[in-house]
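I have a structure I would like to understand better, so I am pasting it below and will then ask my questions one at a time.
Naming follows writing order (A, B and C), and every chain is counted from residue 1.
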Amino acid sequence: MLVDIRNLSIAFPSATGPSLAVREVSLSLGAEKLGIVGESGSGKSLTARSLLRLLPDNATVTADRLEFAGIDVLGASERVLRGIRGKRAGLILQDPKFSLNPVMTAGAQIAEAFRAHRRAGRREAKAAAIDLLAQVQIRDPARVAGAYPHELSGGMGQRVMIAMMLAPDPELLIADEPTSALDATVQAEILRLMEDLVSRRGMALMLISHDLPLVSHFCDRVAVMYAGRIVETLAAGELARAEHPYTRGLLECLPTLTHDQARLPVMARDPAWLA
Amino acid sequence: MSRLRTFAAAASSVPITLFGLVLVTFLIGRVMPIDPIIAIVGDHAQNDVVEAARLQLGLDRPLAVQFWLYVKLLMQGDLGRSVMTSNPVTRDIAQYFPATIELATVAILIAVAIGIPLGVLAAVRRGSWVDHGVRVFCLAGHSIPIFLLALIGLLVFYATLGWTPGTGRSDVGLEGMVPDVTGFLTIDALLARDWESLRDACAHLVLPAGVLAYFSMAYIARMTRAFMLDALSGEFVITARAKGLSAARVIWRHAFPNIAVRLVTVLALTYAGLLEGAVVTETVFGWPGLGQYLTISLLNADMNAVLGATLVIGLSYLLLNLLADAAYRLLDPRVR
Amino acid sequence: MRRIGYWTRGYGERDAASVTRTTWQAWLLTDAPASRGQAAWGRRYRLWRDFSRNPLAMAGLILIVLLVLAVAFAPLLALQDPAAQNLPQRLAKPSAAHWLGTDELGRDVFSRVLFGGRVTLGMVVAIVLLVAPFGLAVGCVAGYAGGMADRVLMRVTDVFLAFPRLILALAFVAAIRPGIPSTILAIALTAWPPYARLARAETLTIRGADFIAAVRLTGASATRIVLRHIVPLCIGSLIVRVTLDMSSIILTAAALGFLGMGAQPPSPEWGAMIATARRFILEQWWVPLVPGLAIFVASLGFNLLGDGLRDVLDPKQR
């Protein structure tokens, strides 16, 4: 088992006492592709980031078990965590405009990730960076390596991000809304690229998104989160058999081309879901 | 190319500001109720002598013409003669200014060396006692009058502990021993390979520069903290941490370079502020710089010298502002 | 504590007290205020709650309140006449008769520092009253009118900003005549540009807001828009700026006094007091240090207060 989470809760202090952003989430992941779906604020990003302990300082995390490849992440020292971050689990963030360092060239950022976990010289790292850029299907890798992030398009930026996270050859890739900031035409390309790389390297993937059909298309399993809880976990092919009203609501809200719909239905939220 | 153009656009506003600067100093010179003629020819001069001097200075002509003459002389580097030293003000300034620059430069080096790490530390440990400590330290730096700090410094380090020499720029015995090449005593001593003078010059610099540095240090630390908090909240910091980099590397290689450009701007402005602080510091420490020259001229109502020094400091201020702007435009890869 | 409450007041009484407390708090903190007044007071209460949680800001507030009280009641608090000379008693150490010792003419330092506070605070208030409305007016007009007026006004502002404050003030005072009125005038002349800049920046952001467009559609005049809708929104950041600026004004005034260009002796202005007592720093060090500390404390008080106010009123600057 690569990832094993039991009863994870994450709380933040607020004016009226601690408020829970993630409530007793349990989750496990082998060498597979898991999608986590939910609306903003449902706690899906926090859950994923807690695996690398990359939460804001004021977050309080409690869990019966929070393990990555048998390592207790909650009790791990910073040193052990750095052995996980990047090296064994990569994290791809939403918008390359913000998630790439604006004053460092793309090549330097990839080379840095490469060198952080391997003994390699500057020259070797630079060559590796260009090779990685070629692997994420960038046509002119040498030029892109020398470019600053603001000189790249969103799709290119996200490819750089992927190259950077693949550099140390991790076992798990966490992609936190990797395509939400991109144009619709580029989204599919990036996802296909990611899926392709993940399958070829035999990596596990945790894909976080608010787009249920998209996720079910690329993943083996889908976990649906609502208000800090996982309300339902389904095999990707069985979405039609979803039981929780929230999941059904999400599916019904989709516009469709195959049959007529007068108006898109609006989700009727039941306070009982929060219980 | 486009960067150069935007910079040129910024620089084009300088002549207008410069013109305003000259106009203001000129007007200050003319509103003075002490008759400038009396200051030149003395209180007991004959009426015809006064009249002759008035004509010679062109004071009988309309204000606009007088201003034109003032500007024309200024273009030739002529700021008039100082009554006090009876030298051309330009020569006086050339003689006194290097001492001020030397003092301000050492002060800013001290301020940067301490202020930036403090600011970074406060931002990284936000909300901890270190952060609060730095905050109090900075607020105190903004609140303490520089002459009080200077007096306390003299009382403690010179009179009580005897760690530093007293006032002045060098010991009496060593004065004039080093040939004047650049006007910067430390550099001149270095050029002359006169180690005793170099040691002495440095010893005399430490206390006034340290006193002068405190205010700037507080300002730099505060700005560094604010910028750094901003940078540390960036998503790219999460990316850097997710790569498995050490905290030090995330802070100094990722977050810090992102604020470096803005810090350079702050430094240029701080340096300009130091010129102002130098006026008071130099007075307390008997430092023979432009600040002391200005205060002595003020007390002697030596208006040419006052206006000359004011104009030069204003000019330096303007120049540093321009440099800050240039640094921002040329160094940041994101500037369009 | 709880026990005392239990015996002295009994349960019923305490409950009543806590109920009234929670009701007025609830009234202030409600999410659905019934009137504009309730909303405004609720906002003020929330700001005050945030502010009073910051120990440094409260320290600043207390310092300033104490300072104002001390200055207001200076004639009652002072042990002696601040101008009364007593040459045999000159440069005396602090004692029961002279809490902070005496100066070179045997005058009581404590009394002089108290009365010096009147001079300093008086100057600061006068300068702020001159500068803040003027800067606000210039900035709002420039920002709202735009175009040529904006360019000219901002160019003038830039010229005044191009001088270091103290230097320009020194030159002004030298040209007129050293003294308190010219100090006020000189500092005022150098202090207004940042207010104009601030007010202009605020006006520019507010001017484009939809609610201003709505007000304009109802036919409001430019004057009305500026006075009723733009100026009130600038006040918050202006207050923060003024409070933080107070300390810089105090320091500039003191520096002028110290350099002999501000208030003139025998006025007990703090900077001037240090200037005359400076030569005693090595022997009778308390004589110059006491007014110096007074400057420091006053200026620190305003800085702490301004810093706390900024956190509350201008959270994005944190």
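We adopt the following convention: a residue touches a chain if its C-beta (ideal position, glycine included) is under 8 Å from a C-beta of that chain, and two chains touch if they have at least 3 such contacts.
Since we're looking at a predicted model, the values are computed, not measured.
Asker: Which chain pair has the highest count of C-beta pairs that touch?
Answerer: So the chains sharing the most C-beta contacts are B-C.
Asker: From the centre of subunit B, which chain's CA centre is farthest?
Answerer: A
Asker: With chain centres taken as the means of their Cα atoms, state the distance from subunit A to subunit B in Å.
Answerer: About 51 Å, centre to centre.
Asker: Could you grab the centroid distance between subunit B and subunit C? Build each centroid from C-alpha atoms only and quote it in angstrom.
Answerer: Measuring from centre to centre gives 27 Å for this pair.
Asker: Of all the residues in subunit B, which ones touch at least 2 other chains?
Answerer: Correct list: empty.
Asker: With touch defined as at the start, can you tell me which subunit B residues reach subunit A in the complex?
Answerer: On the subunit B side, the touching residues are 126, 234-236, 238-247, 253-254, 257-258, 260-261, 332-334.
Asker: Would you tell me which residues of subunit A are touching subunit B in their complex?
Answerer: Touching subunit B from subunit A are residues 49, 52, 54, 57, 78, 82-87, 90-91, 93-95, 98-104, 112-113, 116-117, 148, 150, 161, 164-165, 168.
Asker: Can you name the residues of subunit C that touch subunit B in the complex?
Answerer: 56, 155-156, 158-160, 162-168, 170-172, 174-177, 247-248, 251, 254-255, 258-261, 271, 274, 278, 281-282, 285, 288-289, 292-293, 295-296, 299-300, 302-304, 307, 317-318
Asker: Hey, which residues of subunit B end up touching subunit C in the complex?
Answerer: 13, 16-17, 20-21, 23-25, 28-29, 31-33, 132, 135-136, 139-140, 142-148, 151-152, 154-155, 159, 226, 229, 272-273, 275-276, 279-280, 283-284, 294-295, 298-299, 301, 303, 306-307, 309-310, 313-314, 317-318, 321
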